[in-house]
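Consider the two complexes below, in which chain A is the common component and chain B and chain C are the respective partners.
Here is the complex of A and B:
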């Protein structure tokens, strides 16, 4: 295994070096780095050109200049020496100092998009596989075809024009939802739940009626109380939502029949509910690290509770407790973010139009972790949606195909034959095996998302790596291009490598050489 | 696109083609063609696609030959105007798609954009497939160090995301003042990698088959075995991935042109039209909607045709069809194999 990893890392480094050479020569040949000086009418034109040529070694032919660049880049491998030299931009700024800030916004965008796309895609893929050939399945397949054919810059413009401006107008008009929209949403929600739950005709009609009425009632409440202006779960709402979390977690992890798991989940939720009241004072003065600490604490509490009440089947109770703990705590955070929403919307910099269409943060906005958190959310919401839709479609299709393939296997028939409940068959036997092929797609998908970020960042004017690359390419500014390239190539190679390792770890039939 | 990194393997169950075809003594190509015709969505897509091609090329003309549309995509007319197209009663009017802000007829611009997108699509789909097939065939047939070298080269190119390397070669073509054809040839030279991998996998398994052995015993040369014996058996993979490559080529070209590194003004491209006019969305929305409509339609139609072809070449992937809808849903899914490869590809 160690030999395999070492060999893979060696090959990866060679590939990286070769790819950087190709990229360097291609990028150097793509234009003239002195164009802006030659076109300008500065008096000391010759002097400026000479200065740039000597600063960037432009008198050395590109293939040889690549060695100079590689020599500087190799210094980055020296740990803690801070001697990284990725060259200068045309404006004489060192690339090694501008790259990290750009990296943060891009990685933030790509990570959130990847995680959301995987979770949504896998969940919807599973549902379409379990409800094969239903209306929902057909609609999802059509939708995935459509999303495959929709370039992200098209969708980005639409999101800006309709979602951002539409939602901001909606907030300014007092956040009242028109009656026809409530009826439409309620009917659609009813239809979706009806298809998802299935069953006999009578049961379907009941599900449709109940879920449509419930959705409608919630929407009327939201509309009448202008909930979007002053959102929040409140103690009562949180209690209802936590009960839902306990119910769903337990029925997915162990089934409601497992009383101990149910108890573990319920006790954890109760702890979180108490924490909701106790911690409000702490939240006001919290930093991001405090929040991470609290979330981890909730996870630990869930595990301990599960361990203590677990009885003979500890594993399930621990899992139920842990999932309930972390999800409930995130909901408490969500409530706190919602409490900060009115002060964010009304602050002078926002002026009641919260959903932003450009940039990755409001310039000059100051506030606690909640306000800045909301600020990131409102800025990254639309770019993330634009970025994730395509890979979401891909995950849906692979998850569906994967689950159907797994469900045809002999061990699934065995599991059913020995009388295991369908929940156990799906969640324990099928779901885990379905994840194996998904692991390989994640690797290719991260590379595609990093490339896609070039367009998304350009449309939403986010100053990330993609934007850095696009701007630098326009000026034939070689060093930033190479800085960008080296980061995304390392990320892409690392993910491929991780996918192979995950594949070997998940599937005992795969042996690494 | 949907091929991904996973192996495409036939389903173990379901009918393996129509017995009646074999009895009637049809040729392999005929059987595949008939199967393709059975897939309504793909046939309709192909028909609409051909219509769009004929319409776009005849409207603005090909090269020096003028088209039937009265305005040129470069000539300025009177001031900006709204679309005059009416569907019922059908009439094109003076400017069916309206005019842009400097008064150029938008119908001519959009048709020229479609024409350029189609050129890029065909060149990338064709040339990229040829390069990829040759590399994959040689690597898969010779194995050993030839395979290792070629596949490492493929790995080197595949590390760079398509849009990034596309932008770099697009910038080269643009700053050199080179036209659409040269741009698409350059793009094709950096888009062959996924096909090379697929063809190589196909060759690795086909070269072990008996008919290859028989050909070798009969004294056929390597080239003859590769191109006359093995390649015809791998043609399904090649054609299907060529179609999918063509679909992604449309999105690549429009994306690059949107960024400003693809086709440039005064030439017209659908992505460039969106980029130029997105700020006018609220005042002149048609400047956005017409190119958007055609980008999505072209990519969608090509994807549908590709799926129909995949079905036609590998009917074992398809389950029995109770309803047309089921057939469509089934055809749209990638086939995920759980069979373990011998080792992860390094």
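Here is the complex of A and C:
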């Protein structure tokens, strides 16, 4: 194992060096870094060109200049020396200082989108596999492929027009939902629940009726109270939602028949509900770290409760308690964010139009963790949706195909024959094995993640890695290109390596040698 | 026993948690802090430096920073905290918020700069003639003893202290200035008359900051300036360490990639001061507390947001995230703005495209052929296809020297008669050619779609008159331009708007930008005169005559000015188009928020 890892790392470094050489020479040959000066009208053009040539060693042929660059880049390997030298851009800015900012904005942009895409993709994939060839399956397949094939700049423009400008107009007009829209949404929601839950015709009709009426009622309430201007769950709403969390968590983790797990989940939720009242004062003066600490505390409480009431099947109770604890606490945070919403919307820099179309934050906005959190949310909402719509399609496909394949395996039939409940068959026997190929895809996807999303970044004016690369390539600005390359290459190589290891860990048939 | 231990553990845990929690909290923020009175403007490019006078800092957004904060220097010129600004007709407007400057003698040309009493930099230090002396030292290159290789631009010997994006022309002819006893005025004496003396803004970066960066006191720094002799390229000496340290800082120290911890970089003399910067997102200006002039804005903060994509600028404007935008002008952007019912401000920028005939090529030795070729140029058609979609009011440019915003423009057109070439006169051209079919190779930039369009229009039209047009376009057009291996060229100049330095470069025999090898003794003489002409009316007359003479020689044709575009969503009053590089913020001091 150790020898394998050492060998892999050694090979990776060689690949990296060779690839950087090829990249350097190709990028250097792709254009003229002095073009903007040559085409300019400056009186002292020759002097400006000379200054740039000497700053960037452009008089050295590219293959030899690569050694200069490599010499500087090698200094990055010296730990804590802070002597990293990745060269200068055409504007004389050191690449080593602009690279981290670009990485941070890209991570900010793509992390949530990727995580949500994976979760949503896998969940929808599972549901479509379980309801294979149903109306829901076909509709989801159609929709995901439709979104997958839309160009991202078009999605971006549509989102800006309808979600940002449209929603902001809606807020400014008093946030009253028109009656016809309520009816349409209620009917659609009823249809979705109907196909999801399935069953006999009578049952389906009941599901349709109940969910349509419930959705409609909620929307009427939302419309009448201008909920979007003054959102909040409130004590009653939170109680209802927490009950739902307890119910869903337990049925997924252990099934409602496991009374101890249900009890653990319920007790945890009760603790969180109490915390909701107790902690409001603390929330007002919270920083991000406080929130992380509280969330971890909720998790720990869930685990402890599960451990104490778990009885014979502790594992399930602990899991149910932990998941309930963290999800419920996040809902409490959500409520607090909602409480801060009106003050955010009314703030002088927002002027009642909260959903933003460009950038990653409102310049000069000051406020507590809740207000700045909302600010990040309103700015990253659109780009995240744009990335999400495009990338989640492939996860649904992989998850659906994977689960269908696993469900046809002999051991699933055996498990069913043993008389195991369907929940156990799916969650424990099928779901786990389905995750093996997904894990590989996720690992390689994370590698691609830092590469940024060139078009999405451009359209939403977020200067991340993709933008850095595209701009630099356009100007034949070699050093940022190489800085980008080195980050992407290292992450890609590292995560491919991790994927191999993960594969070996998940699937006992695979051996690392 | 066990229970007790667990109990103690629990208490310890609870105590530790409480401690951690209290360590992680912040005080309740002050919600009352008003965020009123912010104007946000979208610009296309990011800011990279607080000094736009260096080669790498000479970018449009940096120029805006310097214009608003006033630390422009001689190279960047006009600024709100300097000695002059430009009005919308590109006339120099003396900025009496800072002080006065006037010509006290014509021969030798002597200019006296006088600062207002009790002026302060934004850090509270007084603005004195020391600062003017430093500005002069930077702009004049007085101490440089470098020899520069004309061909490559390399410094081959000696020391070049301050590296300027602009040139030291004019100020390099001044002797060491005289400073008054009250240290508020400074007098410059030019060894020969210099036409653009009014464009020399001597207020650059603060003397006390540069002195500090060079590691000496302000007095010592000024003393160094006084004691160091004028540089002589013929006898280069070892560089002065203090001066070199200050110059090195001025050259690169003002470049930034994050908001500087060192607040002395931000010191401003203008109505605005940089107060925040988020890398690649925005830069914020607030009011300079020490500014006492009349250009104090009526709002609290000005934010420039960097949005590269023009369509993203339009939706951001529509959504109210920005109050005004300064996008790259294109027909699509204009349509999007109109469709969204936003307020647009179209106009002409100072850069203009033109067709030049190569006087060194055998084809155009005969003036009749030159005239015939110019008669075939479909200027109105080129304008209609390139500029009109962006600026419906655009007109064909009819002067090599002036733009319509200049007051002299109409006189110049009347004198030169360039307006008679607006539509092609194929019959006239045929008559002049008398059956000849000359071959004309046209050089242009194939990477620029506008130039490609121009070329194709000229090709189609000239062919009708019998010209055989050869496509000599290339992406490397700029390096081919001086070579002269072509018969005509289509490219752009930036018209200076104010100032006359370009005349000698473009029209004088063997001038630096005279790629078409134009040579006319009377023009040479007028250009020489113009460089030293200090009387405004006589200068205008000379420039009009030069313009008319080029038309008589069939020098070439000006085509059109590049269109420019601002837009706002109606929340700000006072926005007005201006074609200068300063762009939309040129009158930011006059803006007011509505409502």
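Keep in mind that, in the parts below, the second predicted complex is superposed on the first by the 505 of 513 C-alpha atoms of A that agree within 3 Å, B and C clash if a C-alpha of one lies under 4 Å from a C-alpha of the other, contacts with A are read in each partner's own complex, and residues count from 1 in each chain.
The definition used in the following text is that contacts are C-beta pairs under 8 Å (C-beta built on N, C-alpha and C of every residue); 3 or more make two chains touch, one makes a residue touch a chain.
Keep in mind the model is a prediction, meaning the values are calculated, not measured.
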item: First, second, both or neither for A:351, with chain B first and chain C second; value: second
item: Touched partner set for A:51, first chain B, second chain C, both or neither; value: second
item: Touched partner set for A:220, first chain B, second chain C, both or neither; value: neither
item: First (chain B), second (chain C), both or neither touched by A:147; value: neither
item: First (chain B), second (chain C), both or neither touched by A:289; value: second
item: Partner chain in contact with A:461 - chain B first, chain C second, else both or neither; value: second
item: Touching partner for A:444 - first (chain B), second (chain C), both, neither; value: first
item: Partner chain(s) touched by A:157 [first = chain B, second = chain C, both, neither]; value: both
item: Which of chain B and chain C A:187 touches, first, second, both or neither; value: neither
item: Touching both chain B and chain C, residues of chain A; value: 32, 157, 161, 458
item: Chain A contact footprint on chain C (complex, rising order); value: 17, 20-21, 24-29, 31, 33-38, 40, 42, 46, 48-49, 55-59, 148, 150-155, 163-167, 169, 252, 255, 257-258, 276, 278-282, 284, 301, 303, 305-309, 311-313, 315-316, 318-321, 351, 445, 476-479, 492-494, 501, 505, 512-513
item: Complex interface listing, chain A residues touching chain B; value: 7-8, 11, 14-16, 18-19, 22-23, 26-27, 29-32, 132-133, 137-138, 141, 144-146, 148-154, 157, 161, 394, 397-398, 400-402, 404-406, 408-409, 433, 436-437, 440-441, 443-444, 447-448, 450-452, 454-455, 458, 469-470, 473-474, 476, 481, 484-485, 488-489, 492-493, 500, 503-504, 507, 509-513
item: Residues of chain A touching chain C in the complex; value: 32, 35, 38-39, 41-52, 54-55, 90-94, 97-98, 101-102, 105, 157, 160-161, 164-165, 168, 282, 284-287, 289-290, 293-294, 297, 343, 347-349, 351, 353, 355-369, 458-461, 463, 467
item: Chain B residues touching chain A - in the complex, by the definition given at the top; value: 1-2, 4-6, 12-13, 152, 155-157, 159-165, 167-169, 171-172, 175, 247, 251, 254-255, 258-261, 271, 274-275, 278, 281-282, 288, 292, 295-296, 299-300, 303-304, 325-326, 328-329, 332-338, 340-341, 343-346
